[in-house]
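Common to both upcoming complexes is subunit A, partnered first by subunit B, then by subunit C.
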Partner chain A sequence: MNRRSRTIFTASLLLGLQSITIGSLNAQGILGGSVTGNVQFDGQLSRRDSVIGSSDVPEKLLSNARADILYTNGNFSAGLRYEAYLNPMLGFNSQYTGQGIANYFVSYKTQTFAVTAGHFYEQFGNGMTLRAYEDRYLGLDNAIRGLNVMYRPTNGITLKALAGQQRYYWDTRGLVRGLDAEFSLNDIVKPWNESKTRLTLGGSFVSKYEDDETIPADISGFKLNLPKNVGAASVRMDLAHGGFGLQAEYAHKGQDPTVMNDFIYKNGEALWVSASYSQKGLSANIQAKRVDNMGFKSVRSVTGEMLYINYTPAITKQHTYAFLSMYPYATQSTGEMGLQADFMYKFKKETLLGGKYGTDLHFNASLITGLDTTRIGGKGTDGYSSSFFGTGDTYYGDLSLEIAKKINSKVKLTATYGYVLFNPIVEGHQGEMHHNHVAIADLTWKINRKNVLRFEAEWMGSDSKYDPNVDDKRAGDWIMGLVEYNFTSAWFVSISDQYAYNDGIGNYYNISVGYTHNATRLQIGYGKQREGIICIGGVCRQVPASNGLTFSLTTSF
Partner chain B sequence: MKRFILTIAATLFFGLSFAQNAKLPENITIKTLDGKTVETSVINNDGKPIIVSFWATWCKPCNRELNAIKEVYEEWQEETGVKLVAISIDDARSASKVKPHVDGNGWEYEVYLDQNQDFKRAMNVVNVPHTFLINGKGEIVWQHTSYVDGSEEELFELVKKIANGEEI
Partner chain C sequence: MKTIFRLFSITLCAIALFSSCDKIESDNYIVFSGAEGEWYSGNGVSDKSQRALIEKYTGVRCVNCPVADTAINTAVGQYGDKLIAIAIHDSSSFTLPFGSNPRLSTPDGQAWSLFFGVRSAAMYPNALVSRTSTGGTWDLFTPTSGINSRVDNVLSQPAQVAIDVNATRLDNSISITADIELLQNISDKMTLTLLIMEDSINATQLMPDGSRNNEYIHNHILRDVITDIWGTDIDCNGTAGEKKMATFSYSEFDNTWILDNCHIVAFVSMKDSRTILNVAECEID
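And then the complex of A and B:
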């Protein structure tokens, strides 16, 4: 058979199989079970624009596509994912270029036992020792390909063990082994079963193996003595009593000289604590963390966002308004200290500040600094020492106050004031600290049951000025306007513009049209877009920078 | 090989449009807001309809949807017996803020954490909000992604139909 006839043959065979499967699926026969999935296609036809930084795209059309197919039958499931980057969209690593099956697995799971072979995602505790996860819109996927087992010997005890290699674009690299145990004391200790206080304890151990290689030391003629196995361990707790909650995790990592920490031999550690109180209409949450040399990758010589074994979350608030999220903060895994506080209060209906419908108040503040360090030496030494409570340079700070109020049965208004401090060193640049003031008004007008208009106005005043040498296109003072019209939840049109009116450059105009039917959504946009989280047409998603025509189709079935 | 894969994908895709309603998975691990590990089989409403809504603390449309339904939730429950189960996909960055967020907003929904996003993947959720409607037999009879002010009324029309045993 030639290639074409073989393809046709395969297709008809598959179609035949499919009709049998679906026939018996309806009849719940031997092949029973269900097949579900999702498909996503994003494309951009780009135009070059040196002002906003979108580069020349010789191939004109860039596209990311993927399809997940999942088969489930009782305790058994299997899945595969096809991905195609022809060629990858702006902001995605060019090593993604290509297409093929990027992920496949088979899994069997009951309440007490689970095993997965193939690609899997997993998280131990808060992820400080291990978190295999993906974010399709950021081009991030550190799935582990190997074996993952879960076992519950008795109610309240969960044990996990895994081993495998991590995804690296179209390849797998490194070797990761991990163990995790979690004890829910209320389920284990009978008299505590019905207690109002719940306590969960956990611990994990993760190790990576990598063969030796030659990394020259600072003294000529010598090379570094590299550890082949590097381990990290953590302990954690989760305590809840009515409205009170206290969660904490501490992680420690052995000597792990990598290109990220410039091949120093200092141990890594991280501590995270979160305390909260809440009751109906009122809540407060405070978080603190300290991260010191805790970047943990399965390959020592790789930079970039891939191959991370662990995850040290940024505790700062995830803002979604354009100007408040203009300078997003990402954890500095080499070292940082942070504090974050959140407060929510609801003024009840028919009170002075609550009015007829009630008023919502939301406040947050955060401050992140570097560590207070003293240099010891370079490559091959401990690098530096750090004091536990000492702080270094300020990296990031923010403060925001949001008031949401229903004016009448048709109009809702959210007003926000924010202040953001941002040190360019966080993104690897030198320069002065940015101080930004942000004011936002977000108004929704429900004209009637089918027609809804939304207006958003934002202002950002900054002491930063555009400097061609640094080329930070976010610098300067900005204004933004957005109008969005929705016809039921099916159609929307939105027009927006961001304009640097002082000390900055750029004019980001965008028009988008979208159609949603059940779980299928099609969106077409034209204009210039910054990368970041965009919430229009009723959904939130991360978008890459673009200039020109973009289209996006997602569907689940 | 490429062509072969494309053929499989296309075949599955077109073939599947005839597939019947999938059931809500029962064996996915999720957590309650006070840290207890449970399976998705806890999502139950004694034969009455269930709304399963995937959301995140940082997602504005999700918050608008859950706040809008809050205003009418009691009426919905009285009329149809429906229950709303909110699944937070917040990761380690914001998962510990979910309980304060839920209480601060005064939501009376059953809320679970899906930090490892196992449930999200099993349900093929791509963007939030993503809302599913489950009938009395545990079958997923409808799903929708996105929320616009007022679309909770469309949702309730469907809930009423299901509560009456009608097809949608």
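And then the complex of A and C:
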């Protein structure tokens, strides 16, 4: 659909949407169904600041907006999403510029059968062969536009099949086909119905088709002989017995020369294993993974965050505190090995360490390395060979110990120590390994039922120093303070400041005010945003520096 | 238990069946990308006139493309052999064939479409005249109008290179000879690109009124780029008066093509800027 057609289409649908919405409000539903939805509008004004590296925004105001509308009538549902990027906020790809209906679908679902036509999101297993998903904060939307069918022929068996093209900003690209089957053996085998041991097996296959194209080889006059159909298959298991759990998935991908792997022909593979134990007041989990050339996109020559067919589960903790998340880890789909341990324990009340209210302890540690590889050649070769158990350079490591304790009935203190090891090569540039120590105190004072004060103090000591040639503004030693006041259950105001007091640059202050009324929330902030990257589940996007006003309005109905 | 085993076996078989994806043997990872030709001293080119190439990006589901066809045909009628037209179907949704019609897309056309920004602009029809650009931006335009000014602009410039091409049909191949004569000193590297085109292809076309014309005749359709899509290097030292010739053998034609309706287009372009310096066309004898 060209832009003009899309605009007309958008206008038509908006008119239709308006009618539907008004209709639902006036008539308490359409044809016996109901209309629900949500709206989000984010805006940003940013000015030049030479210290933090922010620039003036020529448009003055940047905005990302979206409205999801869902019509449901029994087993039938239909929905659409209008998006507008006028122009996209800083850090979001400029190819989003524009507005229109980005997502639409109709769906019919029962307990045993479901079919969706239009845009849909889907995941097979852990997503190692297919994960079509959206994360608006990453500017990522890998929705598939096509047909998705689910069928449960009998209790315990779930079959899925899909085919379609992936969203690429305002276009669709590629051709993806997939099958998935999952068997819950305890539901299928009668004698196992009541067993404490639960076992589920699954398998999936996904393939993409792409036309041939001319990609010159390194030898003049020759080009790559590209596979048009590339497949990836996986098998998985989920075993549980009482508090114990063991999950594993292995995926294999055929030859897939792409710009991500420098057009090599090596097969890809990935293994993910997770073992866990939990009981009241205690949980422990260990995860391991090995990923080798497993990046899987529906278009071989596209870089960036879009068009990923699969997803490799992240096994580093998703930190929420500012300094612990300053160096997030980006999953290296070309190759990595990782190990993570997570342990939580609650010291009971009225014990030596538990005190009057009990004490929560949370420990997490992870280590990610590259693969031990031997180079074979470059573009148009198998690329490299790798040892299955061998490890390469350390990419990332962290550990954190968090202790949360209620001091009295109104005050709760959370103290955290963290250590982060970060290799800049994971962000695509050379440099020394960073070693960061982080200490955090987070105190919440519930003054009364409607008034809550929160104080947060953070410190980060790093061996990294700001180097103008590298211009990594995260380098150096930092301190941070935050005060947040929630009052009348509806308002909050927050003031924070991050300051590089040694070997770094920048003073990033922020003031934020928010108001919530029923399902509507308005937040306005003013301050500075440091250049860096944000990652969610190992998937990242660049965040440029900004200096100015931000606001966000969300509502649902 | 038997049921589980049966179901799981079926699933694995289905996976195995669908897993039969393309596998490329290691000795076949790279392939010859196009005829390179052997360069010799040539006899020169008798017709030293400047010509222009209009390359139209089109599709059978593009309602305005027939309008562009008419405009281009009119221009070719006006300029005679000074304007050579080619029609390229990339792999956009506009090129999806109707019914059992053959798809007219080519990977080479798709590569050009992506490179020149036609695919990302998603505007069809779209065209370039002799691959000219302004300030680093390709001069893409909708070829329902504005053809003459662009062609005049190219033809008003003195030819820097003269080119002639001849093609002979052999038993299982086509022998192509290209003659080049430098009319000015040209220090930058040049390439020669050879294309095989086909006329009179009958395929359903969406018309401006939204109807389908099942009798639509497509002309100047790019079937294949015989050389590498960016051409083969011209072995010359760039001195005015230099005469070179090269011969090429092409046997990759598809048995669905009607060779009697095919012709060869050859053009010389600057290797770095891609701008076309001159172009020639011939029937296959």
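Assume the second predicted complex is superposed on the first by the 509 of 557 C-alpha atoms of A that agree within 3 Å, B and C clash if a C-alpha of one lies under 4 Å from a C-alpha of the other, contacts with A are read in each partner's own complex, and residues count from 1 in each chain.
Simple rule for what comes next: a contact is a pair of C-beta atoms (placed from the backbone, for glycine too) under 8 Å apart; a residue touches a chain by one contact, two chains touch by 3 or more.
The model shown is predicted, which means the values in this text are computed figures rather than measured ones.
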Superposed partners subunit B and subunit C on subunit A - clash or fit: fit
Which superposed partner A:G431 touches (first subunit B, second subunit C, both, neither): neither
Partner chain in contact with A:K280 - subunit B first, subunit C second, else both or neither: first
Which of subunit B and subunit C A:G231 touches, first, second, both or neither: second
Subunit B versus subunit C as contact partner of A:G532, first or second or both or neither: neither
Partner chain(s) touched by A:G355 [first = subunit B, second = subunit C, both, neither]: neither
Which of subunit B and subunit C A:D342 touches, first, second, both or neither: first
More subunit A residues in contact - subunit B or subunit C: B
A:R521 touches, of subunit B and subunit C: first, second, both or neither? first
Touching partner for A:G392 - first (subunit B), second (subunit C), both, neither: neither
After the two structures are overlaid on chain A, angle v-u-w for subunit B, subunit A, subunit C in degrees (C-alpha centres, nearest 10): 130
Minimum C-alpha separation between subunit B and subunit C after superposing on chain A, in Å: 17
Set of subunit A residues, in rising order, touched by both subunit B and subunit C: 3
Residue ranges of subunit C touching subunit A (in the complex, touch as defined): 1, 3-4, 7-8, 11-12, 14-15, 18-24, 26, 28-34, 36, 91, 93, 105, 107-108, 110-111, 114, 122-124, 228-229, 232
Touch list for subunit B against partner subunit A, complex: 2-5, 7-13, 15-20, 22-23, 25, 27, 33-37, 39, 56-62, 64, 91-97, 99-106, 115-118, 121-130, 142-151, 153-154
List of subunit A residues in touch with subunit C within their complex: 1-3, 157, 171, 177, 179, 181, 183, 185, 188-189, 201, 203-205, 207, 211-214, 216-217, 219, 221-231, 233, 254-255, 265, 301, 380-382
Of all residues in subunit A, those that touch subunit B in their complex: 3, 7, 10-11, 14-15, 18-19, 21-22, 25-26, 34-40, 67-70, 72, 75, 77, 82, 99-101, 109-111, 121-123, 126-127, 131, 133, 136, 158, 182, 184, 186-187, 198, 200, 238, 240, 243, 245, 247, 274, 276-285, 287, 311, 313-315, 317-320, 342, 344-346, 360, 362, 412, 444, 446, 449-450, 452, 486, 488-489, 492, 516, 518-519, 521, 533, 535, 537-541, 554, 556-557
